[in-house]
Structure formats: structure tokens, C-alpha cells
Amino acid sequence: LPLTLDLDRQRRCGFAEVIYGAGKPAELIAEIMRRQRQAGQDSLATRVTVETAKAVAEIIPEVRYNPDARCLLAGAAANKTPSPLDMSATRLVRHVAVVTAGSTDAPVCEEAIETLHWMGIPFRSFNDIGVAGPDRLLAAVPELRQAAAVIVIAGMEGALPAAVGGHLSVPVFAVPTSVGYGATLGGLTPLMGMLSCCSSNVAVVNIDAGFKAAYLSGLVVKS
Amino acid sequence: LPLTLDLDRQRRCGFAEVIYGAGKPAELIAEIMRRQRQAGQDSLATRVTVETAKAVAEIIPEVRYNPDARCLLAGAAANKTPSPLDMSATRLVRHVAVVTAGSTDAPVCEEAIETLHWMGIPFRSFNDIGVAGPDRLLAAVPELRQAAAVIVIAGMEGALPAAVGGHLSVPVFAVPTSVGYGATLGGLTPLMGMLSCCSSNVAVVNIDAGFKAAYLSGLVVKS
Amino acid sequence: LPLTLDLDRQRRCGFAEVIYGAGKPAELIAEIMRRQRQAGQDSLATRVTVETAKAVAEIIPEVRYNPDARCLLAGAAANKTPSPLDMSATRLVRHVAVVTAGSTDAPVCEEAIETLHWMGIPFRSFNDIGVAGPDRLLAAVPELRQAAAVIVIAGMEGALPAAVGGHLSVPVFAVPTSVGYGATLGGLTPLMGMLSCCSSNVAVVNIDAGFKAAYLSGLVVKS
Amino acid sequence: LPLTLDLDRQRRCGFAEVIYGAGKPAELIAEIMRRQRQAGQDSLATRVTVETAKAVAEIIPEVRYNPDARCLLAGAAANKTPSPLDMSATRLVRHVAVVTAGSTDAPVCEEAIETLHWMGIPFRSFNDIGVAGPDRLLAAVPELRQAAAVIVIAGMEGALPAAVGGHLSVPVFAVPTSVGYGATLGGLTPLMGMLSCCSSNVAVVNIDAGFKAAYLSGLVVKS
Amino acid sequence: LPLTLDLDRQRRCGFAEVIYGAGKPAELIAEIMRRQRQAGQDSLATRVTVETAKAVAEIIPEVRYNPDARCLLAGAAANKTPSPLDMSATRLVRHVAVVTAGSTDAPVCEEAIETLHWMGIPFRSFNDIGVAGPDRLLAAVPELRQAAAVIVIAGMEGALPAAVGGHLSVPVFAVPTSVGYGATLGGLTPLMGMLSCCSSNVAVVNIDAGFKAAYLSGLVVKS
Amino acid sequence: LPLTLDLDRQRRCGFAEVIYGAGKPAELIAEIMRRQRQAGQDSLATRVTVETAKAVAEIIPEVRYNPDARCLLAGAAANKTPSPLDMSATRLVRHVAVVTAGSTDAPVCEEAIETLHWMGIPFRSFNDIGVAGPDRLLAAVPELRQAAAVIVIAGMEGALPAAVGGHLSVPVFAVPTSVGYGATLGGLTPLMGMLSCCSSNVAVVNIDAGFKAAYLSGLVVKS
Amino acid sequence: LPLTLDLDRQRRCGFAEVIYGAGKPAELIAEIMRRQRQAGQDSLATRVTVETAKAVAEIIPEVRYNPDARCLLAGAAANKTPSPLDMSATRLVRHVAVVTAGSTDAPVCEEAIETLHWMGIPFRSFNDIGVAGPDRLLAAVPELRQAAAVIVIAGMEGALPAAVGGHLSVPVFAVPTSVGYGATLGGLTPLMGMLSCCSSNVAVVNIDAGFKAAYLSGLVVKS
Amino acid sequence: LPLTLDLDRQRRCGFAEVIYGAGKPAELIAEIMRRQRQAGQDSLATRVTVETAKAVAEIIPEVRYNPDARCLLAGAAANKTPSPLDMSATRLVRHVAVVTAGSTDAPVCEEAIETLHWMGIPFRSFNDIGVAGPDRLLAAVPELRQAAAVIVIAGMEGALPAAVGGHLSVPVFAVPTSVGYGATLGGLTPLMGMLSCCSSNVAVVNIDAGFKAAYLSGLVVKS
């Protein structure tokens, strides 16, 4: 197998190497997960198709697959599904807020949530509150202001991160999605828009990269 | 002179041919204005440099030049400068609202206002109310709702037309500007973003084309 | 469900939130339509595949699906199919003219017509009158001049809106289509061409966005 | 001098090597012209700046420079300026018709005319007859139908070649120009539009390449 | 049916309207062919899939389909397949030479040949003579010099038209193809290369547009 | 003046509105600074030319201008120049590390440092340690691991953020620069490369946007 | 068959014409292989699908197909599979080192290895040693320094060639791959990054072109 | 000074760090050259303007500047200007052949030659032998076949490397130049064309990067 695992990454970076599942055969993914388990590391594979996930599960039965997120997990995070932070107790728990502009952005949101779950970072989510219906964001602002970092997921023109950023004093990680057609250019338009964002606190990750925004905001929460 | 004037346009389209001033020698612009005057038509030339404007003024002294707007006018609209609609009288006058996201968008706004003035269309303007400071738009919404058409001028990520559109029941004409750097791609990013806009009532014109948005919203007011 | 409906949009904007059907599961579309009906609103979903439409119809049997337009409707507009304005009576009814350049542009035209129908706006249509056969447009001009707003749908080089605009004194909403190959770049070429249009009265919407052009011209008719 | 002249080209191709003047020092251009004269060939240099032209003229005084066309000529074509075909005699002379969409396209038109002149090909020109003023093209059609080949020069959306092509049974050579701003992308938009042209008889050359269109249509006339 | 046929085109342009088959339902194609036959015109439809061709053939049995060319023909050209010019007789017949760079360019070559056949223009073909094997072109040059116009079809870097053009005194119509991967950008790279061609006699048509190059060179032959 | 200041931003976001200096006349910048001072806010203007800076300084003499950074400051941060964190005392002070790949990236680095200085955030810098000389980064790693957030500034292929990210457990904010030529596409190449980065902890800001990376990493330090 | 084989290439270039398999029917590939065998040449066809490979094997049974590499071979290289250089004997054998950044780059690596095998060039391979796990490259450097030329295959941001190049005194041939999503633009991002590479010894080939990098490094080894 | 010199590069890579001169102040360049001399290394700075070169020469008088090449040298290579290999003696000296397509490509050729000179690599040059005049390349082929590596420099469509590669059995390093206009896209068109090249032995470097092609071919000669 053409493989040189970076098992030292957990020590250097705080978390194990995340497996980029696209284009990898099931045997390769299973082998990586096997070696990570041997090294005492929990595994997260992103962009895994249903077919591949099934094939891995035949080799390593204890994995958990989330088809919406296209994520395959092994170890602690595989044993329970993610659930949002219970806010009734106390609001002092540092956490990430995950925001989507439209309901079609859900898969990217799911990938972000599974990543936070794998990192052990508390989260809340606020869905479908894009700028065309402005009251929705305004209603969420007081709760968003409690988060230590915010992820904003949006396709089409990608206007939401600028609007969210203008209300907050924490880093906003913007995720452009490939939702839309024509002039959205498969997500390049919201990507470029978010990079041009007039709010000062907005950083950007790759198109549909829910994983990356979650990883970064998780690091901020742990900071 | 390599010229075939379309003097019939005023009859067909309601307004005379607008002169695209970029790259035209002063003699050519002066000759067009001379023939339009002969035909009883008021002239508007856009994208005219200071140097060209001066040279035209030496041939036709009664023109008026607005250097911020880069517009040169002859006829009725040349005799007085544009002024916004007086709202104290009555709010029933059909008019256009011109909105900018940032103070750097002013030149495009000026071009739009000179065009409306040349068309004889009443207007109001709302400047520097971009989404990063959300209270500014919210404060303007009640007044914006009085307009028959709205022009929104924005650079960088171009998020403002979507936000404005979500509050209104009239057509919004969005003008991307070349304000910004890097990922704004000289205005292509807000252009593509505005075309991908999730508000249903947003149409788009060319980058920095204040003239076009004004012309279209003027037609709506006359509708 | 990751949903925050904007049921207030009808009040603010005059029409309910239109459902962007691409990528949404049937359950989600059905749930939105159910809540809109509860709020007394008619539903329009665009870009719905045949499969999704069938699945929604199993949940909400009274919807109507137009496979050419890829539109799914609920409420008043679902009960009858669109039909063009009867011109025999009187020509004073304000209406929209919908023009296509080629017969391959028909699906985008259908989407525009279903949207106008949902809005309750009268319309007429003029098909396959692109510039390569110039007599076709000339023949239609007298009738086009009766409309309060005109939609022009064209792929390939997208020359038709400029030609139509030159004959009219009302706003023209240009829709580039993805018809063509190679240098048409999936519709980007007519899109950019229409934005660069030398006729003053042409605004542009996204590639294949028949819905948007219809919505905007419907607002002009209601103006 | 880093030079390997192709003096055999006149034999193979019918005309001498044309000198691409951009970026070439005056000494280099003068040296090429000197050697071409020795070989009995007339010289045409395109894209020559005023400064370079003056410096060449100091070395070779008998050159002629057309600053609008940015062309520098030596030999027969340098001794007289181009003039259009006299149509009063007889219409049977095979010739090229050169058409522009707007008066700003004049420099490209001039380059085309100087090239035809250098080739010894008769021509006529029709200026500023873009599609926004449709009567202008219709008026020219009967005369355009007399040409053996037609050059159409247009910037902005580049719609004119399609419109011209639809009236004719001869090859149309379309030249996109860099006239326009924003979405015209420095001429890429009319270039791509002309390549996507729905008229069957339209071939395309590079942006602002009046020289190339003239060369090709000259070959057709000689055919 | 959303159809406005341009039956007058044969009179104006010399040949009937060619049917752009992509995306058109079989019924629509059949109906156009039916009306063209009524008007005494031969039909050519390009970019027709096998499935559509079969469905048309069920309505109009006398059509001929060339699956490599993706062309469907009705009328005179449907009754026999194209065959190259017999050179044994005399070389004085004006004809088109069709050249390909690689054997993978064959489908575009076939489309060009069917178009010439439909126009009644004699042709010869020279296949797979790209610049990487230079003797192949050199061997063909004497025969290429007999043609009145030359079509050069090439993918990848599209170098062949420049090389061919340097040997000839007639117009060369270059057709970039979508053959290649990565940096060929689906044909945009040879397209842009051919437009930048340093040979003076090269005009360009759209990617894979064998039809257009054939039409233009056919007009030159008839000139 | 076309101005609607967002003086409430300091309350909402923790820091005052930063002035985008490009294209703003000196009077406008001076007026904004005057109002911010009235509101008790320190001012930072980015992308200010030397000429504009001088003109502002004539109106408000107490500003400080850093020509390398193109930054103009008023208030506390104007009174002293930035200096890096003194590491001799204790390494427990939370701070930002600013890294450049080449010495040509210095201006962007300066903008980042002035921004951190304006925010009151401690920083250290590591210059000219690009991947082509790998020992340079390895030598810096132990010190980089002490920072709470890291800014990596790089042009050309923009490989450094990936290399830095692989050594660290804190967020890395990558700034592509416009350093380079040809295939660097004015910074688009490192921008796209950084977004595609295979290290999990890398977020990206606009080309040359030292200000944004500093603002975000400053928020992390304050977290 | 539209075929003009360049059987002289082996004499001029040292190796036979490589068959570009994409889009070629099996009969065509088989015919080329048959003629090459007749001329005493070994065949290599790249980018051959499984289906085509099977069909060719039915005509020429002695071919060997490597599905990961998508390569089909005939002649000497078909009789045994490639195996890496045995380093135990002596390190003086000139050879190529093939490096990949990630395990997903394996197919391109396989194509390179089959090409080297066909050329008879010794090779070694180093897999999955991308910059995010820096120790992996450092561990390989001593062995990489023994190679006469190095191939580096990487997707996403394509940072590895710069890092490898900085350690070596031999030519590095960089192959960008289409591995990644969003901002990787199907491989254009690593392509442009590698071209912008700050290491002086990095040349670039087309996206996924393992064949080309192998061919070039094989020529260096033979140098 | 923001500087971390990589003085070890000569040991690792065989040659010292080359100074990228664009955007670097004269003091910085002089300081780097001073330190390189201290380390016993010869200096080469590329892309240095005349002004900067003069300012450096005031600090370090013994530098040599080649304004055509925009190169500034210190050390051995500064003491004499480059001169081509004397072929009368013996043809067995391994050397590089440098080829240009047009005389306008001279500056890039000069940069390549200065780099080879700095490396101490023998070279010959062949200028202005582009494909439009095919006899020129054919005449040079016998001499080109004597080189150990070949550099081909071409702008416009960049067809020459493919043509040269087809004649040779050594690596060809292709340099696209920014010569041309419109569709050449500042050199992107020949860049993409060269990457798509159908000759197997062509590797590519950045636009105008004469330095890189020289460095790589120098390494091959030393191989």
C-alpha cells in the first residue's frame, strides 16, 4: 500500500491525521484506521461514499457512518452521535456556533458537526437564517454572541458571513458551499465574496470544507 | 468622422442615445452633441475624462461636467445640478432610491444620479450603509420602502443588494463596483455574487455601470 | 429539519418565499409547502426533478408539476395551467412579453411563465426569433411594444437582448441560458455579453434564471 | 540582431511577413524593412507606437505612419493613403466591406484598412451601425451584399457579427475589440460571444486584430 | 411548438437554416425537417444523439444518420454518403482540404465532411499529421496547396493551424477540439492558441465546431 | 460627505471600524478620524498612499504614517511604533507569530504588525523562511510553538502555510501575496493553494490582506 | 482508419510514439500496436479504460494492462511488471525517484512507473510524504539525493515539489494531480503553484501527466 | 532587514540562492550579495530594474548589469559577458541550445543566457525560427540535435516547443512569454498550450521564466 502514516501528528498538532476519503479504496481507509487505533488514536474520514463506508464497515465493524455528512468515524466519537450543547445548565461552556444560510447547506453543516464531535468540542447550530429574511439572523444574534467561535456556511452569493461578522467579537470561519447554479461557479463566487468580506473578523476555508472550519474553530475554543 | 447617429432612439426608446465617452476624441463627442441639439435632444456622455471634458467645453461652452461622476451633459440637465427629492411635501412622488455600501462607491453613485437627473426622474440617496454595520440599513428601510425602484451600489463581496432586496417589494438594480483588491477581481466577485443573489427581486448591471441602473430604474418610475 | 421559514416575506416583499428545489429532499419541500399553506401562502418550487416532484405529490397530492419548467406549484396557481393573455379584448392590460432566441431555450421560458402565472401576472410569448433570422424580431416589434416589461432568453452569444432593447422604452430583463458548447462556457459567455450590452435598458439575471426575470418583470407590471 | 527573416513567405503565402511591431526596438524594425526592400517586398508593421515610428522614419525616411491604425508601411502602399472603392463605376469589382459597431472601434478599423491597402484589395467601410440602433444595419444591407467578404468589428457584447451574418452569403470575419469595461473583460466577452455566434458564416480572429481579419478577407477576394 | 422557422435563410445566405440538435426533442427536429422539405430545402442537423436520431427516423424514415459525425441529414445529401474528391481527373476543381492533428479528432472531422457534403462542396482529407511528427505535414503540403480553403482540426496545444498556415496562400479555418486533459481546459487552450496564431491566414471557430469551419470554407470555394 | 459611520462597532465587535483607505480622498479619511476620536476610538486606515497620508496629516497633525505598511494611525497606537514581544521575561504572554516566506513579502507583514499594534496584541516575527530553504523553518519551529496564533505570509506558490501548519496546534491564518509573476496570477495562485492546503489548521484571508490575518489572530489571542 | 503513424519517431526521439488512448476505439489502438510491432517497436498506450483494454486484448492477446495506471503495453515491457531498483547491490545505477504527496495520488504514480518500465529506466518510489507531516520527507532526503532525476506528484496545493527541490541538485519534474475539491480547480491550483515554485530546479508537466514526467526524467537518466 | 539567507543552498543544490529582484529595494539586494560573497558564492539577481541596478552598483561597484536580461551579477560571472560555445573545436562539449520563436522574445532569451553563464554551462542560440516560417527550424535541426538539453522560448500560441520536441531525443524546457495581445492572455495561452504539448519530451516553466529553464537545462548538462 502506498502509505506513510503521520502518527506523530496528534502530538504535534493536538489531533490525529484526518483521512481524506475521496478516491481512496476501502482497504486503504481500513488499514489507516487500523494503524491509528493501534497508536491509540480516534479516526475521522471525510468525503466517504456510502459504498466505501459499507466496505470499510465489513472490515472494521465498529465504525459509525453519517451519510449526510459523508463522514466515517472510529473510536470514541463513533460510539455516540453528536448532540448540541445543553444551554439550560450554564452559558459559560466555551463552544462553537454553526450557522447555515439555507436548508440546502445541511450536508456541509453535518460534516462540521461530526468534526467538532470527533474533537470533543461543544457546539450549537442555527439553520436557514440567510440574509434575504433578515429577522432570522437578528433573532439569533444574542445566542451567537455566547459562542467562542462561529462557523458560517453559505452558498449562492455567500453574503451571510459578512452580516454575522458585523455582530460579533469572535473569529468567524466562513465556508462557501457549492449550492447554486450559473454565476455561483460551483462555489467560487461565494468563496471569492467571503474573501472580499468587509467584516474584519472573517477567515475563509475551501468550498464545502465544513471539516476545516470546524477544526479551526475547535482550536479557538481550546485556545 | 466614423459616425452614424441613432437620432430616432428618443422616439423608439423614450430617451436619446447616451454617448459612451471612453476612448472618444473630444471632437467626436462635440459633433454628436451638436447633432443631438439640432434634433432637439439633450445629451449625456458618460466616462469622460477631465481633459476630454475641457476640450469639449471649448467647442460647446454650455455643457456641464461633473468630475466625480465623469459625466458631461448638454441641454436642460446641464443648466442645474441634481438635487434629491424634497420629502417634506408629499411622499407620493414616484422616485428612485440610490444606496451605496461604502463611501468609496461614491463615483458610481454620482453617475447614477446624473443619469436620473438627465432623465428627469426624482431620486433620494442613502450612503455608506453596508452589511458590516447592520443598524444602518435597518434605519433606512422605512424610507427605502417609499421608492418605486432601488439602486444598490456595492463593491467587495457585494452583499448589500441581497440584504436590501429582502426588505422590499420593488425591483432592485444592483451595481457591482471595482472597489476592493485581490479576490474582488476588479468587481467580478460582487458581480457574480449579485447574480447569485438569494433575494428574488435583484437584477444586475455591469461593473461600475451606475448609468445603466439609473436608466432602468428611471424606466420603472415612468412605468 | 434544518429549517427557519421566512413566512413574513409575503408581507415585506409582496410574494412568499420561493423554494429553491435543487438538492432539497422531498420531505423538506413538502414540509415547507405545508407551512406556507397554513400561513395562507401559495407555493412555488423551482428546479425540482421529476423524482422529487413525484415524492412530494405523494405527500401533498394537490400540487401541480410542470416537467419542462421543472416547477412544482401548490395553491391557486396549481389548479390551472398558465395561458397567454387574450389580446382580442383590449390591449390596455399591463403584461410581460417573454421572448426566446431559439427553440432550445424553451425550458427557461417555461420556468418564467410558471413564475408569472404564480404571481398572477398576464404574459405573452414570442419564441425562436434570434438575430440570425432578423425578420422574425422585426415582425414581433409592434406587439412587443405593448408590453410593460420584456424578458429576453438567449444562449450562445446572447445577442438578442441588445437587439430587442433597441426597439423598446421599457425595462428588458435578459436571461442567459446554458444552451451552446465550447466558447459559450456553460452560459457565462451570453451572461457577460448581456452585461456588456450596448442598449441602455437591459438588466441581467443569472444563467437559466427564468424565475428571476419573471419575478422582476412581474414587479414592474404591478408597479 | 536576433533575427531570422522568412523572406520566402511571399512566395509560399502570397504576401511578405508582416512585422509585429509591439516591443520591437526601432533598429530591429528598420533592419527588417531594409532586408524586405532588398528582396523586393513591401513592408507592413502593425502595433507600432508613435515614438518607434518616428525613430524608424529617421532611419528610413520613405515610410508612412498612420497613428490611428498604429501601422507603419514601406514600399508601394506607403506612397498613398487608402481610399474606399469608388462605387459609381461598376459594382462588379470584388471587394471587402469593413463594418464597425461603434465609433470607438475606429482604430481597429483603420488597421484593417491599412492592411487591405497594403495587399492591394479594394474596400468600403460602414461605421457605427451597432444593433442598439437597428435601422442603421438594415440601411446598409443592400450595399453589404455586394462585398465578397465582410469584416465586422465590435466591442462590448459583440452582437453585430451575428446580425450581419444573418443577411449575407459570404464569409464574415469578426473582430472583437477591447472597447468596454467590467464584464467585457478587455474584449474576451465579445471574443467568446462571436465564437458562439448563431450565424453559420462567422469566423473569428484575435481581440483588436484588424490586421488578421483584413488579411483573411483579402485572401477571399483574391480567391 | 416554440418555433419560428427562418425559411427565408436559403435565399439570403445561400443555404438553409442548420438545426442545432443538442437538447432538442425528436419531435421538434422532425417538425423542422418536415417544414424545410415543404419549402424545398435539404436539412442538416448537428449534435444529434443516437437516441434522438432513431426517434426522428421513426417519424421521417428517409433521413440518414452518421453516428461518428452526430449528423442527421434529410434530402439530397441523405441519399448518399460523402466521398472525397477524385484527384485523378483534373486538379482544377475548387475544393476544401480537411486536416486533423490526431486520430482522436475524427468526430469533428466527420462533422465537417458531412457539412461540406450537404453544401455540395468537394473535399479531400489528411488525417493524423500533427506537429510532433513533422514529416507527415511536409509530405502533405504539395496536395494541400491545391485546395481553395483548408480546415485544420487539432486538440491539445493546437499548434497545427500555425504550421499549416505558414505553407499556404489560402484561408485556413482552425477548429480547436476538446481532445486532451488538464491544461487543455476542454479545448479552451487550443482555442486561445489558434486565436493567437502567428500565421496571418488563420481564422478560428468554436471548439469542436467542424460544422462552422466547413460552412465557411464552403463559402470560400463557392466565392 | 457620503458617510454613515458605524461608531457602535467597537461595542459590538471589540474594535472600531477600520478605514479602507484606497480611493478615499484625504478629507474623507480625516473626517472619519475626527468623528472616531470624538467617540473615544483609535483609528486605523489601511492602503493609504503617501500623498493621501500627507494631506491627512495636514488636517490632523498627530497621525502616524508607516509607508511600508501603507497604514495611517490616530490615537494611542499613533504615539509609538510597534515593537516585538520581549521574550526574555516570560514565555507565558499570549501572542501572535508573524511569518513571511520571502523578504519581498515585507509590506504585507508590516500591515499585519501595525494592525496588531493598534489592537494592543503582542507579536513576534520570523522573516524569509520559505520552503526552498527548509532549515530556516525547522529552526523557527520551537519558537513558533509558543504562539497562540500564527500568521503566514507567502507569495509565488504559497507553500509555507501548509508546512508551518504541520508543526502546530494553533490556528494558522494564511495571507497570499501578489509577489511573483506569470502563473502566480497576481496572488490568485497562492490564494487558491492555501485554500486547498492539506494541513487542517489553515484559514485564509484575501490577497495581501495582512490587516485581516492580524485582526483574526488578535481575536484568538484575546479569546 | 484516420491514421498516419509516425514510425520514424523512435529513430528521431529515442522512443516510439506513445498512444494517447482516451477516446480511441479499441480497433484503432490495436491497429497502431500491430504496425508498431511490425516496425519492431514496443507499444505504450496511456489513459485506456478497462473496457477498451479488454477489447484490444481480444485482438492482441499478448498485451498487458495495468488498471491502476490505465496503461496498456505491448512488447518487452508487457512481459513483466515493473519492480523498483534493488538498492542492495550498488547505488551507482542512474535512476529516477518517484515521490507522491498522498496515497490518493497513486494512479498517476503508477502511470509514471509503467512509462519508466517501458523505457527501461530503473526507478524507486516514495509514497505519501506530503508537507503536512514534515518528518516523512526529511527521512527520505538521503535516498532521494541518490537519484539522477526526481518526479514529484501532488494534488491540493501542490507544495511538495518546492520542498523536495530545496534539498536536491538534480531536475525535479512536478506533476500536479486532480486530487482535491473546490479551490483546487481540478488540478489547476497545484499546476499554477508548481509553475510559481520558488525552488529553481522544478519543471512542470500537465495535470495527472505521470507519463510525461516519467518520459522526461527517463531522458535525463539516459543523458 | 527582514532576511534569512539560505547560504547552505549551494551545498544542497549545487548553486547559490538566486535573488528574486522584483520589488526588493537596492539595499536589500546589496546586503544579500555582500553576504553571499562572504560565503564565497557568486550572485545572480533576476528581474532587476535599471534604477535598482544603478543603486546597487553604487554600493557594490563590481557588479555587472544586463539591461535586456534585467539581470545583475556579482562574482566570476560579472567579470565577463556570456558568449556562445565555439563549435569549430569539437562538438563533444555538452551544452544547452536556446531557441526563440520571434525576435520579440529576446529579453527572456537574454535572462536564460545570463543564468547559464552564471552556472558556467556552455550554450548556443537559435533566434526567430517560429513555425510560421517552417524552413527556419528545419535548417537548425541538425545543430539542435547536438545539444544535451534545449530551451524553447515562444509567445503567442507557443507552438514551437512541440515542433522542436518532435525532432529531438533530449529534454526540452519550454518557456512561454508574455509576447502577444488579446487571446494570448499575457502568456497564459502559450503556457497552457505548452503544458498540453503532444511531444513527449517537453517540460514547462513559468511565463517569461528564462532563468528557470536555464537552471534546469544546466542541471541536465551537468548530469
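Each chain gets a letter, A, B, C, D, E, F, G and H, in the order it is written, and its residues are counted from 1.
The working rule: contacts are C-beta pairs under 8 Å (C-beta built on N, C-alpha and C of every residue); 3 or more make two chains touch, one makes a residue touch a chain.
Keep in mind it's a predicted model, so treat the numbers as computed, not measured.
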| item | value |
| --- | --- |
| Between A-B and A-G, the pair with more C-beta contacts | A-B |
| Listed chain pair B-D, B-C or A-B that repeats interface C-E [over half of contact pairs the same by residue number] | B-D |
| Length of the line joining the C-alpha centres of subunit D and subunit F, rounded to whole Å | 51 |
| Between subunit G and subunit H, centroid-to-centroid distance (C-alpha), Å | 26 |
| Whole-Å gap separating subunit A and subunit D, where each centre is the average of the chain's CA atoms | 57 |
| Whole-Å gap between the CA centroids of subunit F and subunit H | 36 |
| Sequence positions of subunit C contacting 2 or more other chains | 9, 20, 102, 132-133, 165-167, 182-184, 188, 191, 195-196, 198, 200, 206 |
| Interface residues, subunit B side, partner subunit D - complex | 1-6, 8-9, 17, 20, 22-24, 28, 47, 176, 178, 186-188, 191, 206-209 |
| Subunit D contact footprint on subunit H (complex, rising order) | 100, 102-104, 106, 109, 125, 127-129, 132-133, 135-136, 179, 181-184 |
| Parts of subunit G lying in touch with subunit F, wherever the complex brings them together | 101-102, 130-134, 138, 156-159, 162-163, 165-167, 180, 182-185, 188-190, 192-200 |
| Of all residues in subunit E, those that touch subunit D in their complex | 9, 12-15, 18, 20, 148-149, 165-171, 173, 191, 195-196, 198, 200-206, 211-213, 215-216, 219-220, 223 |
